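Shared chain: subunit A. Partners: subunit B in the first complex, subunit C in the second.
Here is the complex of A and B:
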């Protein structure tokens, strides 16, 4: 077959293979997507389930109590019971368990696992077996420590994710404000949520516009230089953004303290739910000592 | 009562850089006037609006707003500040700055809440304002997830709920599609009819005639010229010197290459 010569090659020979995205670009883009999914996917929050029907204030206080109970529990069976409770709450609130497993549990397993793994070897105690060749002792106490860390973090994360998944984020913020959490904290939390997204989007756009102006690919060093320069620009942008928001608040009468409308109305079932959370948490505190 | 909404004398302002954002600016705006501030990117328009709104304070010079001097000390006083913030409103250029509340409802309630209006009255006014701007269906949404045109409406509603006497708008039609642009322009036309003062900034010459009866032209932080829109828009030399239009060299069928002044209407400049 004859190669047509009239058509100039549109692609630079070097990038003839399908253009691959750089590591940083890919990471930033996927981070933005995951965050968007996590924070803005409100279909679960709008579903008709148990947690969705509870007043946001009760959810914030109740789930927070359970998280604290989990963190302070010294009994594996209590931690596992709290995990089972979280699972039950998820099922009753129509949270897709597969999503919990792939997004939360596996992620936490890898992250916490990498921290917990050394504990198996370095915690002093009775050696059960030795790692072949290396002769590192694996201690019963080590396994216990790792197991505690892992189950605690998995349970606490699941509980917090349930709060975020079953409550529109703006209701979480509002509940925090109404609960008299210091305004600065809520505003920072809100801005983080709001602007992490804007900034990640900006970052992704920045990388894309650079990429489109480049022929071929960047080598590792150039990518790192680009990343460092972009981080500087982003930092500048976020500082600018927050000082501008401050001005926008001033312009509408803000004088150092934010006043909010509290339009939550607690129903009897909300009090019931709050009572339930408190009893479970007290139970866990007592038996988990 | 003073007949002037704004009276500026020899205003200077610069950011930490050496370049002056505003230098030796003097002008006045009558009550009920509709004024457009024209200038290329970086000419100092946004800086000027922030000074008019008492967010930045000039390094030198004097500014009077609605008959009273406006200073940082004055604004420390809560009574003065609330009265000033109620009477003079600013819509920022960047909607991501303007909208910072969890929901559209909270966004619109923010101003009155800070000014400690009674809560029942606030709820009522917010509902009325939502209806007025035809955004009732958006009230529980997060403001930042709206479209550009919807954000503009929410931003307008969030400041106009206070029923201000003066509206400052930074680039009201930038980055909007034609339908949303005409919504904003129609709104401004209707609102002005009620004796309110409007100051807008823009570099889009196509809308000036509809939103202003008086133009101020800025370049590099200096006031270069002022006058009626018809006069200003007819002065190609002035517009070219201040980078509001530029000359293209290109060919027209059968006429060879020639050049003529050109304005890029409707193209949002990269920002």
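Here is the complex of A and C:
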């Protein structure tokens, strides 16, 4: 990994403009982004809001019901009503709307929006107008199709983001047991989530140290070799980590039995919240048929 | 590739959850039997590893970067069942905690990437690598092909899932409720991106990692290279324990799927909106379109349709073989044919591999069919 930096040309003498970001910087940035996102979620989960005060099992079941209702609705107004509900829940739970807008809504708008846009022209149906010069027909069905996709994705994503923003991750995992997710799966999931951060940090450190020793530019071949070697080193470290964890588990008396502490206690208000979720979902199912 | 909520109908999502369930069940049963071994932390850490690798921006030829899913590597190191679990766990964490991929579409994402991806990667890798030595360059090529074909198979299945949506789910006015593009647009649109960028990213990671492991720690390649060397690691047991008793739920699940899919499709309705450009010129068909749409059909085919229709010529023209009267039935058969082909090829490969091993007396594990 240390080879050939000295042979690489120094910064290109002609280019004074800002160098395009290399893959190392980009990778470091996306790794840091994940860490930052998780930290933010933990911050919001600690706030004193409506969703934070509800039993995690109720939240998991209730918000999933609303996501399924959003996916099933055959009416734009019902989807928009569910979006309004998601917005209200976010406000009542002190989720920063600005952040929700920049991280979720605009992201979805760009991604799904660009996918949905051509549908306006290609979906067969009643032509409303024709695009000047190009003569592409804009059909009513096309506009509706694009709106269905966009509003549905926005609403469902907001609802599922609310779940994790307003619940500490270990509680989300425990609450999955209500959905009859096997306990082994929940345990693996929990360990995975825990070690994702260790490995993210390791990977970020690896790339950062490589970047700090890098002068000039790597050619494509060299970059690919570096990327593959980084993946390999990370794999080696992961395997080392897994045997360390196994030994630590043995040292603490692990004999192949898995338990989780299901210490949730539903309060009357949790039943009330569950009732609310179910009624809203049934309403959406019925009127959105 | 990570399908968000809202692109697929709940019926499709449900079907794909049902399709994935038997695979998860078998994989979990294999893990449960080996619970006291180091397998639990290994799968957990490997899932974390795949998650982190998905964040890497991989340099591609031409100066762009792309992301890999990591199913090629996961399959080569953990075997297909371990890989299914590890990738599923990574996908669940992405869906739940990072909003990447939908919660309702989680079954679909797992079916495409974790299950089909791992099986294709495993079959291709075993077939191409043969019994080459662990450090042979043939294994690098095998890994490259395995990664490339696995992600493309996953993308193709996702494209079929998208393409079936406008056929099956429209509102009263005929507007598609979910992913709006029919098969002849969805398939090329998905495949162009995956045959080039995403496929290359997966190829680079798989091949590069095998080449790296050959230099540093070839023992890690042993699990998916039976007969080449012996490994006493408990992990190997996961892949080795095959047999009828473990795979029975898989067959039952497949049978249920084969029955459930047509039922779900038939209940959904007709193929409104699936007209070809030539249909607009035919007076009889124009009358049909008019009555179905509740409005007069345009005299000429919409310009966009005309142009895009020639982009892709499907291997099964209009998805309906001529001897079948019902168009929906033809569509359904075309979709099932694709899935069936993949399963058939996988089964054939595993049978060939098993037979190969039985013919070779020097091998310690004659019946160790890893796949099924």
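Rule of thumb we're sticking to: the second predicted complex is superposed on the first by the 191 of 289 C-alpha atoms of A that agree within 3 Å, B and C clash if a C-alpha of one lies under 4 Å from a C-alpha of the other, contacts with A are read in each partner's own complex, and residues count from 1 in each chain.
Simple rule for what comes next: a contact is a pair of C-beta atoms (placed from the backbone, for glycine too) under 8 Å apart; a residue touches a chain by one contact, two chains touch by 3 or more.
These numbers come from a predicted model, not from an experiment.
Of the two partner chains, subunit B is the only one that A:259 touches; subunit C does not reach it.
Looking at the shared chain after the overlay, A:245 reaches both subunit B and subunit C.
Once chain A of one complex is fitted onto chain A of the other, the partner contacts of A:98 are absent, as it touches neither subunit B nor subunit C.
Touched residues of subunit A were counted for both subunit B and subunit C, and C has more of them.
Within the superposed three-chain model, A:71 lies in touch with subunit C and out of touch with subunit B [touch as defined at top]. When the shared chain is aligned, subunit B comes close enough to touch A:174, but subunit C does not.
In the superposition on chain A, A:116 makes contact with subunit C only, while subunit B stays out of contact range.
For the contact definition in use here, the residues of subunit A common to its subunit B contact set and its subunit C contact set are 169, 191, 195, 198, 241, 245, 249, 254-255, 258.
By the touch criterion stated above, subunit B contacts subunit A in their complex at residues 50, 53, 55, 78, 81-82, 85-86, 89-90, 92, 94, 96-98, 100, 102-103, 106, 109-111, 113-116, 119, 122-123, 142, 144-145, 158-159, 162. In the complex of the two chains, the subunit A residues touching subunit B come out as 40, 169-171, 173-174, 190-191, 194-195, 197-198, 241, 244-245, 247-255, 258-261, 263.
Put simply, subunit A touches subunit C in their complex at residues 23, 26-27, 30-31, 34, 37-38, 41, 64, 67-68, 70-72, 74-75, 104, 108, 112, 116, 118-119, 121-127, 134-137, 139-142, 144-146, 148-149, 152-153, 155-157, 160-161, 163-164, 169, 172, 182, 184-185, 187-189, 191-193, 195-196, 198-200, 203, 220, 223-225, 227-232, 234-236, 238-239, 241-243, 245-246, 249, 254-258.
Here subunit C touches subunit A in the complex through residues 4-10, 13, 28, 31-32, 35-36, 38, 40-49, 51-53, 55-59, 61, 63, 65, 73, 77, 85, 89-90, 92-93, 95-99, 102-104, 166, 171, 173-181, 185, 204-205, 207-209, 211-213, 216-217, 220, 273, 275, 289, 293, 295, 298, 302-305, 308, going by the rule given at the top.
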